[in-house]
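Each of the next two complexes has subunit A plus one more chain, namely subunit B in the first and subunit C in the second.
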Partner chain A sequence: MGRRSLILLLALLPVAAAAGGPSLAGKVSLFRRGEDGSRERAQDASEVLVYVTGFEAPAPGGLAPRMEQRDKAFIPAVLPVVKGQSVEFVNMDALLHNVFSPSPAAAAPGRKMDLGKYKGPGRVVSYEFKRTGLVDLYCDIHESMRATVVVLPNPVFTFARRDGSFEFPRDLGSRQAAQALEAHLQQAGRIKVFAWAKGARAPASVELEVKPGVALPPLVMELEMQPERGTHDDKHGRPYSTHPPGYGE
Partner chain B sequence: MKLRSIRSRLALVFGGLVVLVLLTAVALSRQALEQSVRARVDADVAGVQWLLARDIQGLRQLTALEVEKAFRFNSDVAGTLARLVQRRDDAALGLEDEGEGPAPVAVLRGELRELIESTEMPVLKGHALFAVVGKDRELVFTESRPGSSGEQLASTPLLELALSGQGGAAAWCREELERQPVRLRRDGGSGALLVVAVPITLPGGGVVGAVLVGTPAEQVIQGLERSTRGRVALVDAHGHAITTGDAGFREAVERVAGERQLAFSLGGASYVGDGFAPGNEVLLGGRALLLRDLAQEQGEFFAAFFGSRFLLSLGVLGVLSLGLTLAVSRRLARPLRVLESQAEAVRQGNLDVHVQPEGHDEVARLTHAFNEMVAGLKQRDHIKGLFKRYLDPRVVEQLIANPEMASPGGERRELTLLFSDLAGFTRFSERLTPEELVRLLNTYFGQATAVLGRREATLDKFIGDAIMCFWNAPLRDEAHAAKGCLAALDLLSVVDGLRGVFAEAGVTSFDCRIGVHTGAAVVGNLGSPDAQDYTAVGDSVNLASRLEGACKVYGTRTLASEAAVRAAGGAVHARELDVVRVVGRSEPVRVYELVGPGELPPPPLPGRWAEALALYREGRFAEALVLFQLSPEDGPSQLYAERCEAWLAGPPPAPGAWRVHDLTSK
Partner chain C sequence: MRIFGPWWVVTAAVLACVPAEAGKRPYIWSFGTETVPEGVVELEQWMWSKSRVPASPTSRAVNWLWWAPVFGVSQHLEVAVPFQVRAGAGRPTELESFELDARLRLKPRTSQDPFQLTFRGAWHQPTSGGQRRVDVNLISSWTFDNGAQLLLDVGGLVAVSGASVVGTVDLAGSLPLTDELRAGVELFSEVPLRGPAGVTPHPFVGPSLEWTRGRFWVTAGVLVGLTPLFPQTPHFMPRLMWAVVL
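Up next, the complex of A and B:
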């Protein structure tokens, strides 16, 4: 351990220190709307992603975010990353899988994101997301596989707790993130916080004025999930049903 | 004009009937036409529904095809739109990358507009409305204002439907268009549009927007109205009507659009209609109506109805009915005319007419009745001819009513017969002018027949100044003997009454003799077929005549047989005169003089008549003679006195020979 432990320890220090600094806390209420129009409060709000925009900060170093293809599913289904980060796509199935995205945030100029076909288990393909935005990921072979990479401008983000509450900087995963938030709070004078979950009708956002020495009020946000609907086409813009038998073998 | 003939009346009736039938036909066809128009509207509505669906679905499919081509397979447009949409999503998430990454929304929007403008979309761009709308109803592109976009359109059911991924079509009336913040019609028109909305889906899935294409509703309606009879109206989800033509019609349609029975009148037109809801794919939340002008349809129908063919038919019908009328009336009138001429013949006295009836109709029955009538007249004439001497017209009427009572064959019956003769009249006849003679006789006969008529006698014949009549035929009469005897007394009164009149003419000494007898005789129509008389013949007739003659012998005015007196019962008082045996008859007959009606007390007999007669019967002539000579003015007494003297003078007669007197003269 030795040096490595020390680094870890040092890394945790600012978190602890920052805990004494300005903090940002709140709660997101998540509602689900059924097909029949009913609106129900969700028991588990841990799929809600809370993030702060308005400034860019690099991702903390360390292990690259991973998204696995396992049992014909992307895991996790929603993966927040920081702009400039590379995501490792690991095929854990003994099958051919593909990753493509029609989303402009993932595209290189004049070219859509397409990682080609590769077979697992264990094969890893890495892709760097250079622009912020939502990136819908699909597999050209398996229609049911879908995931979203949320490319955020900075590492100040977290998934809410089960009850929907969150607290910055405590919930942030890294010291750099806490520092970035603190720095942003000090210079911006304003802060914009978003809450979003995949399938939400619209994101929730709150903009606050930040005054030195004044504690920020707890944020109260509400998200409404829509019943999932719609289909998507394959990477050629054709329905999956047009695939010949053995497509992707 | 007076309608004197059957023919003209029939023509009038036929003509009236034709007119009535025509009017009824017109009224019935009016009703039938209305039902037929309603039924046809109901049927044609299906056609309109099909045509409207074809128009709108056609536009929708064309739009969808071009949207597919332009927004999905044109990678530039599709990609730019996708990027725009995604960027807008990202922007909403606060993740719009202002740096060197993907272009920001505004840039993308400009790029997209240029791309759409430069892309060939002949179907979409040719329309009065062409707009591309992004998610959240953001107006991405419109041809009406190429430079502007980004406004958010007002929410409409059609837009929401399209943005939820379903296509559809709706009618946007002027009010609906004016709700939008941007003028969407590019052709400058302000009328209603039929708008087709096609969602734009991205290859990656999800709806990113919609394309709106609108075509002037009036054109579509005109197209529909060209393909069907009647007016077509579209009613949008808010109840606004879209029609061709003036606002009055549109407002009238709006008033009735929600009603079940579509019917309204507007300025002389009377509309009936039917409606249907074409559904979200054709007319979101709206209804289409087919209205037909009943008045116009009726007008057209009757214009055709009363056209040349009708007039031709009317002419043919008129000629036909006229011909038919003439034929029928001729057929009807012919036997009537025959009847008329034959009736004229009857009027002139000819009863030998007979009209042959044709068929069995009323005219035939009338003909039959006419024949019967003529036959009845003939029979009446016949009876009257036969019984012209019957005195009492009531008897004649009874006989006419019961012709069988005058059985022409002849019949044996008990009759009371009366013969009357004027005695001493002929002596004066040479001194009288014929005119005076006829006048006096006619006066007598007039009064005598009147008296006999009152006693209901059947007058048989006049022979010179003699009268023969009888009773109990042809009509039966129980009191025939009494009536005969009383009639005899009445005739005496007539003669007595006429003495003055006759004396003026110089006829001073005249009287009448009357014989009455009751007995069996044969009565019937005797004579040649052309000249028959109803008369009585037989022994009894002869006896009555002999009795009349015998009055001279006895010097009495009347002489009645015992049978007549007995049969008369108490109706008359009679004096027994004698027992006589007339010529040609072996049986002696007891004879009486009628001396007065039974209702009066009996007049006194002359002298001691009964006593004298009894003495004479016993053959005590000398004693009887004395008694008979007591009344020399009495004819019978004188006769008996002479007989007594003869018996006394002559040899004694055979016993009883004096009791029966033989009449030697007729």
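Up next, the complex of A and C:
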């Protein structure tokens, strides 16, 4: 075992220890709806984000989540964050890029998220997400660039495995997230578990009754992706086709 | 107001355009704490007037047209290069002044902190008499989760010759009515600190309405002078402002 592997193992020990408490596991079946109305089961469900709502908990400390603008694409295309976290948008292209969002969860009422135009490579602009919800992101210069920041109330989230299965707290990325889930599961009450992927018409969800000391049943969820919508408007609400040549460059 | 032509035509044309983005000026007097996004250029124009002072039989109404490109230089800084045309007061219409106007936000434009602080500094260069002066403002705002905002703007107009210093205080509040419409109210006063003897403060209060759509924002309002209490104060100072993002 190399030194890096040992460090990784030690880092995961607290999560594994927390995994001794109550757990929440299940499987999401992902289907894709074709343009012709056909419905096909996806072989890879690793783009499905699974998260739990019903309580708030802070984000784990450490590095700020990052989203790169690279080769005229947002990477990653889906970024889950906890409410109150700032995301670093890093322009890795030697081009001007912009980040804007028409989503209500992106900014205060009457305001819109617009990070302006900034050129890379390496330029970083941060933005704090203060409201829970789906925040669709676009570039005002390059129509093909699109991404979604999923702003969640707590750090209890993970991407499903290829086969759609997930297991909390084992799959959680931090000890704080595992502790937050454990604390919540130890209280009697109801929780709601969601599964969502970019392109889904709406998240799939399951509501559960939580009783202290009683194991939760495995969750079964089904999620359907719609054919990708081809166009969206620029930040001024106009089609990109109205941009003059060289717009924003 | 004849020199400004049929301004209702311009207003109607602006209102008729459909798309628009973040409005940034809910008040007609204070510049507020918002700045244009980095890399963006906005063309901004105001028409405004000062009515005559009832207590001064020789005073007459004056009208101005203010026009400027506004450059979003960085996440912290915007710079405008305005010029102003004056008409009325029994004088021919004339180019009154040029300015260089910089607004520096302490926190970046992308910051969503409720408290924001912006410093404004402007050089005012008259072209037809009048005094060269420096305008300074310290503007602070607090924005609540529901989008409502309180603002305090304290500033001064300082003649370079030192002959006059006029302090300004602006207390304002605004509330979003819809995603595109915001209503505001301003309490504004000029306070002579140095200059001719016997000049009293000029306090005003009045409403404003901001409408934002796609590339345009429009703000209109009128400050009403507290003339019964301060007779040297003009009755009205209406202002109509609009801007288009290039």
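Throughout what follows, the second predicted complex is superposed on the first by the 232 of 249 C-alpha atoms of A that agree within 3 Å, B and C clash if a C-alpha of one lies under 4 Å from a C-alpha of the other, contacts with A are read in each partner's own complex, and residues count from 1 in each chain.
Keep this in mind: contacts are C-beta pairs under 8 Å (C-beta built on N, C-alpha and C of every residue); 3 or more make two chains touch, one makes a residue touch a chain.
The shown structure was predicted, so the numbers you read here are calculated from the model rather than taken from an experiment.
Engineer: Touching A:107 in the superposition: subunit B (first), subunit C (second), both, neither?
Structural biologist: After superposing on A, A:107 lies in contact with both subunit B and subunit C.
Engineer: Touch test for A:66: subunit B only (first), subunit C only (second), both, or neither?
Structural biologist: Neither partner.
Engineer: Please name the chain, subunit B or subunit C, that touches the greater number of residues in subunit A.
Structural biologist: B
Engineer: Would you check which partner chain A:32 touches, where first means subunit B only, second means subunit C only, and both and neither mean what they say?
Structural biologist: In the superposed model, A:32 contacts neither subunit B nor subunit C.
Engineer: Just checking: does A:237 make contact with subunit B only, subunit C only, both, or neither of them? Give me first, second, both or neither.
Structural biologist: Touch partners of A:237: subunit B and subunit C.
Engineer: Could you look at A:118 and tell me whether it touches subunit B, subunit C, both or neither (first, second, both, neither)?
Structural biologist: Once the two structures are laid over each other on A, A:118 reaches subunit C alone.
Engineer: Thinking of the overlay built on chain A, is A:130 touched by subunit B (first), by subunit C (second), by both, or by neither?
Structural biologist: A:130 contacts both subunit B and subunit C.
Engineer: Touching A:196, do we find subunit B (first), subunit C (second), both, or neither?
Structural biologist: first
Engineer: For subunit A, what residues appear in both contact lists, the one with subunit B and the one with subunit C?
Structural biologist: In the superposed arrangement, which is not itself an observed complex, subunit A uses residues 107, 130, 233, 235-238 for both subunit B and subunit C.
Engineer: Please give the residue numbers of subunit A that touch subunit B in the complex, ascending.
Structural biologist: 51, 53-54, 83, 101-105, 107, 130-134, 136, 138, 150-153, 192, 194, 196, 202-203, 205, 229-238
Engineer: Would you pull the subunit C residues touching subunit A in the complex into a rising list?
Structural biologist: 18-23, 37-40, 72, 75, 108-112, 143, 145-147, 176, 178-180, 182, 213-215, 245
Engineer: Looking at the complex, which residues from subunit A come into contact with subunit C?
Structural biologist: It is residues 96, 98, 107-112, 114-118, 125-128, 130, 233, 235-238, 248 of subunit A that touch subunit C.
Engineer: What residues of subunit B sit close enough to touch subunit A in their complex?
Structural biologist: Those residues of subunit B that touch subunit A are 72-73, 78-79, 82-83, 86-87, 89-90, 92-97, 99, 101-102, 165, 202-207.
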